[in-house]
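In structure tokens below, several structures.
What follows is a pair of complexes built around chain A, which joins chain B in one and chain C in the other.
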Partner chain A sequence: MTDPLVTVDDLEKYYYENDTLLDRLTGAEREAVRAVDGVSFEVREGETLGVVGESGCGKSTLAETLMRLREPTGGSVTFDGDPVFDLSGTDMNAFRRRAQVMFQDPFSSLDPRMTAGEIITEPLAIHGVGTSGERRERAETLLDEVGLSADQIDRYPHEFSGGQRQRIGFARALAIDPEFIVLDEPVSALDVSVQAQVLNLLADMQAERDLTYLFIAHDLSVVRHISDRVAVMYLGEIVEIGPTEEIFEDPKHPYTKALLESVPRADTDERDRTVETIRGDVPSPRNPPSGCSFRTRCPELIQPPGLDLPQATFRGISEFRTRIENGDIDVDLRWEQVGDPDREDREAFVDSLREEAFDTELPDAEEETVSEAIRALADGDRETAAATLRERYRSPCEAIDPGLPAGEHPSACLLNEQPEDVETAREEWEADYEAPEAGASSR
Partner chain B sequence: MISPRTLRNLRSELSRSLLAKLGIAILAVILFTAVFAPLLAPHDPTEQDLDNANIPPLGFTATENQTTSQMVDGEVQIVEEEVVVNTTVAHPLGTDSLGRDVLSRTMFGARTSLLVGLFGTSIAVVLGVTVGITAGYYGGRIDDALMRFADVMLAFPSLVLAIALIGLWGQASLRIPDPLVELGIASSEMPSDIVLPGTVIAVVALVNWVWFARVARGEALSVRDQEYVKAARSMGGSDLHVILRHVLPNSLTPILVLATIQVAAIILLESSLSFLGFSGAQLSWGFDIAQGRDYLSSSWWIATVPGLAIVAAVVGINLIGDWLRDALDPGIEGQGGAP
Partner chain C sequence: MTDLLRVRDLSTRFFTEEGQINAVENVSFTVEAGSVLGVVGESGSGKSVTGLSLIDLVESPGKITSGEIWYNNADLAERVEGDRPEAVDGDFVDLRRLSEAERRSLRGSAFSMIFQDPMSSFNPSITVGEQIAEAAEVQRRASANPRSTRSRTQGYGLGQMLLDGVLPNRSYTSEESWDRAVELLERVGIPDPAERAEEYPHQFSGGMLQRAMIAQALAGDPDLLVADEPTTALDVTIQAQILDLLADLQETMEMSVVLITHNLGVIARVADRVSVMYAGEVVERGTLRDVFDDPVHPYTKGLLGSVPDIDQPGERLEPIAGNVPDLVDANMPDRCYFADRCPKAMTDCLTRPPEYEVSDGHRARCVLAEREYSEADAVPDERFARATDDGTAANDGSTAADGSIASDAEVSDD
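And then the complex of A and B:
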């Protein structure tokens, strides 16, 4: 196995809201947005590591922090043995030459007032490489290499198509002969037909120049052909990382499985789908769920010891509980729909909400618990309603924060192999389960 | 910095817009007049001729206010004397109360207005853009501090601020020998100096830079989030590199448009200052208006002619500003894009 070129260790980037002078004077609590929440991985020399996640999962922040375009709030990045966040002066300059970024937006990544030639030679000009004549020659060569023609050197970005602009952006990243390129969603903004061409170009250049790539995308299908390994990100954390083929053939984390399900694949028959695709929105990184951050949407949410419901039923009840906890159910509106302004007919309220939330029958015991919760809700007591459900349906996934164990293909899910400390915590939790303390699992 | 495409836009907008042509024509005439005033003016603008005071413009009638009273049939009758001028073209726009030629004065007055407009705006642009881009690019505390200061400046009425500053600094001005007179191209009877009203220029710049700072800051704020700025930083570009190479060029269009508007505003401010007697300029449209104010009822032309000159200059410059705005705004490259 080749050596790592880039090692990311427990990288953390929080943004703080309510952090202006005024907020501090008024004593408003500062709120952390956990864009990148403790991420560790390495990029090996000559490989392509794909990083995949929905928008807002922190993958772009990860890229920018890793390149030190933003200062991290914790953790470290090592580039070929050098600690990136401690570099300065000539060492920093060297890093800025050896590592480059290619950006996502074909429109805003190129300065509209510079010609293609000026854009491509900008890194050379910054580092004072060559005379302006030499730099121009270099730009012409690069234009040819990325599939444009040298006589387009004096054109402005608006005279190129989206795909051509991305080629120019790539030529700029190549100009100074880097070893490592962060590709920040380089084809997301392009048509599918153009995507393939640009991806091929990226792959060809990598082979030709021994480049190492960190390839960021929001779509698994894009990284499949170019990546050697893939890391899947969710809410600022890596939930699974492993060799590309294994990720696609044998995904371990429910989130990865769901992502794969949502990618239309020719070789999967509709009926073969075993896992429901993910529902609901990504929770806010301001207030990530306790325990496993995927638990609010996880189709395989683990049931507490002693409970053995059909998974769909358990998931339905859990989602209902999340709605109550988040205050997503409008009690006033529901009463209006029931048509009882005096709010006396609680049973009508229960039926109405029960009807709306579950489209199937529930086993008797569950029916009873759910109705009890709804009755509390009808009285306007959201806390009791939530507590009633929490009592019976508390999943280990909300108490234990899964981690990413060592190994070639780890995943951060309690269903899979977990690091020692997580296993221990889970055992303790299960031992305690029979006597849950009130409020121990508040979200 | 000006791309061929921008030039193309300017040209096509110009051919489309009659008003733009008009604006350029007006400004060209004023500019020409200002530069060649010693050659074009029929008289020395400072030469007094009390025998020929208060002559109205060619073809106009003036009513002398010197009334004589007569006894007619036992009643007092007031007779007003009517004077009809002008059979000669010696004073085509008449003379003022001291017999100075109004046309010549207005021609020379253009020099003061344009000098103040040009230099005042340039200084304001440099000052405002430096502050604004620094604030917008760095953001945070620097931004807060600079922009709070700018807001305070804005809170003062500009005329009051200007007068206060002049009171503080006095009226310094620089006399530059007029090359046309020095080299003997123009008659040596013309004033031999061009007066550069230094204090006034500094003051109008200080009063107006805030506008540029605000616009430049807004532009810098939006440009700094563009990916090409991130890209330049990821390549190792210094702040100075990023500002000079990316932020400034991409902020320039609205600043340019604002500059044309501010030239007009500054010319007006200079006139107000001269009118109020604060600028110390003796050959200026505002000064002439102040002089003519006392004679408005009898000799309206003394104030009206320079007044019309101000209007023409302001309108002309604003038309050019509109042209620039229309030509450059859709020309912010990157919106349309090639297919």
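And then the complex of A and C:
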């Protein structure tokens, strides 16, 4: 195994809201948006590590924080033995020469008032490399290398197409001969035919110059195509990391599985492939779920000891509980629909909501518990309704935050191997859990 | 299967300061009743304008300059026959020959459209329910008064305006339409629809809002839904949900869908027939199987070869060299538009190719449908070097890098 070039350890980047001076004076509690929430991994020399995830999962913030383009709120990054966040002066300059970034948007990442030559030579000028004549020569060579022509050196960005601009952005990143390049969605703004050109270029350059890439993308096909290893992010955390082959052929985390299944294949057999879509949306990083962050959408939610319902039933009840807890169910409106302004016929209320919330029969014991919860809701007692359901249907996934164990292909899911402290926490939780009698009054 | 829509030689042009832009050029295709037509192409290939042209939403400086859109609707045909016999052919009516008002009356009830970006398609200051109810209300008023094509704008005169000034909270929509909106929201899979209807667009996630937009489009129970990149702004897990929903709605409501996208995977997932667009033209069309398994046009092949395969990685991609042309009329060559990027360009390609029939229902605008590629007739690359200054030199740049690779690979295929 080759040595890690970059080691990221428990990196955190929180953005705070309600954090102005006035807020502090008035004592308002500041609210954290956990863009990157404790991420650890390493990038090995000469490899491409792909980072995938849906929008808002923190991939770009991760890239920017790792390059120290944003100040982290916790954790550390080591680049070839140097702690990146503690560097200053000439050491910092040296780091900046060895690590470069290429950005997503070919339209906003190039200064419209600079020519291609000026853009490419700017990093050289900043680091004081060569005379201006030499720098220009270097820019011409680079333009050739990235598949443009040297006589386009005096053109402005608007004279180039999107794919060509990405080539210029890449030439700029290559200008000072870096060892490590962070590629933040380098092809997502491009059409497929042009995207393929740029992907081939990236692969060629890596082979030629021994580059190490951190490749960020939301397109799984692209990531599989270019990466040696892949990290999957969800809500600011890495949920699974491992060699590309293993991630795609043998995904362990339910989120990775769902993600892979969701990608439509450009193939005539695609119509007949059954896709188990995962429900719901990504939760807000302002208010992430307790325990496992994927549990609100997970198709493999773990049931408490003693309970063995079909997954769909358990999920249905869990989702119903979430609706009650979030106050999504409008009790007044429901009474109105029942057509009972005096709110006397509780059973009609129960039937109405019960029917709307579950399209299938429930086992007797669950039917009883659910009805009891709805009865409490009918009286306007949301707390009791939620508590009734919580007591019987709480999952270890909501209590215990899974972690990434050591190893070549770890995943942060309680269904798989977990670090020792997580295993212990789970055992304690299970010992603590005592299933209440179905329908037993909680009061 | 009967046809719902037959489009013949449709052309849409934009008359801009930079010159005339041929966004859609002589496009022909058929939409069968109860099926999904996928329109695929890269940005700037004219696929969105084709969608807008279908429901007559092209705005100035754009204009539909020629073509016929035959719509299968016996009732409409009967109604129009008296006034305009030339616009009727059996059960089909040529929409291009109807009056502006008649076309407008079909929008929403016969044709409907959803767009790429749900966030910018909704009014941020009106509740989602109200916006859907509005669409339902328009249809309700129109069907209450079917003869009048003015009914949906009627009734908003000076008096109404003054009244709105005095009573700003007075709603345009009736309670009936509001209930319909809630019902539609439930139909598209939004939980707690009655509560969510009273929320504003910013309270919805992207996927939810896309569902709401679909609900709005369904308000008039349309025969045809034009979906322009409906999942492009969404994440893959949400995309899968929306595609499922569209397929389900299409089946249960027996509508036809024209699905416009650049994503070949999305096409493969839901489309029955496919039209591939390039530079404003349909270069190949046929069933999904025809186009994906037996593509004839080198552009279609190139497009399929450019997509990295998630199940079979590792192979080098075979991109198409060069860039999409800019569609300005003055710059468009009098030959096959794809010839200068084509690895198999021959002397035949120096004239504009007609649409050749490959097999029943499978057509391609390429001479390769008729004959084999022969190297003896190959056109040297220099032949395409153009005098125009801007786009061309730029094109050469990327050709230098990838053109040789792509063309080598293609030739050795034969």
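Simple rule for what comes next: the second predicted complex is superposed on the first by the 419 of 443 C-alpha atoms of A that agree within 3 Å, B and C clash if a C-alpha of one lies under 4 Å from a C-alpha of the other, contacts with A are read in each partner's own complex, and residues count from 1 in each chain.
Definition applied: a residue touches a chain if its C-beta (ideal position, glycine included) is under 8 Å from a C-beta of that chain, and two chains touch if they have at least 3 such contacts.
Small disclaimer: the values here were computed from a predicted structure and weren't measured.
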**Clash or fit (per the criteria above) of chain B with chain C on chain A** = fit
**Message:** Here's one for you: vertex at chain A, rays to chain B and chain C, all C-alpha centres; what's the angle to the nearest 10 degrees?
**Reply:** 70
**Prompt:** When the two structures are overlaid on chain A, which partner does A:81 contact: first (chain B), second (chain C), both, or neither?
**Reply:** neither
**Message:** Applying the document's definition of touch, where does A:339 land relative to chain B and chain C: first, second, both, or neither?
**Reply:** neither
**Asked** What is the contact status of A:133 with respect to chain B (first) and chain C (second): first, second, both, or neither?
**Response** neither
**Request:** Determine, under the contact definition given at the top, whether A:55 touches first (chain B), second (chain C), both, or neither.
**Result:** second
**Asked** In the superposed arrangement, which partner chain does A:160 touch: chain B (first), chain C (second), both, or neither?
**Response** both
**Prompt:** Touching A:172 in the superposition: chain B (first), chain C (second), both, neither?
**Reply:** first
**Message:** Quick check on the superposed pair: does A:89 touch chain B, chain C, both, or neither? Answer first, second, both or neither.
**Reply:** neither
**First, second, both or neither for A:244, with chain B first and chain C second** = second
**Complete:** Least Cα-Cα separation in the three-chain superposition, chain B to chain C, whole Å, stands at 5
**Request:** Find the residues of chain A that appear in the contact set with chain B and again in the contact set with chain C.
**Result:** 159-161
**Message:** Under the definition above, what is the set of chain B residues touching chain A in their complex?
**Reply:** 1, 3, 5, 144, 226-228, 230-237, 241, 245-246, 249-250, 332-334, 336-339
**Prompt:** For chain A, which residues are in contact with chain B within the complex?
**Reply:** 21, 64, 67, 69, 92-93, 96-97, 100-101, 103-105, 107-114, 122-123, 126-127, 156-162, 169, 172, 176
**Request:** Spell out the residues on chain C that touch chain A in their complex, using ranges where they run on.
**Result:** 42-43, 191-192, 194-195, 205-208, 235-241, 243-244, 262-270, 288-289, 292-293, 302-311, 313-314, 316-321, 323-324, 390, 393-394, 396-398, 400-402, 405
**Message:** Please output the residues of chain A touching chain C within their complex, sorted ascending.
**Reply:** 54-55, 146-149, 151-152, 159-161, 163-164, 167, 191-197, 199-201, 203, 218, 220-222, 224-225, 244, 248, 258-268, 270-271, 275, 277-279, 281-282, 297, 323, 328-330, 333, 337
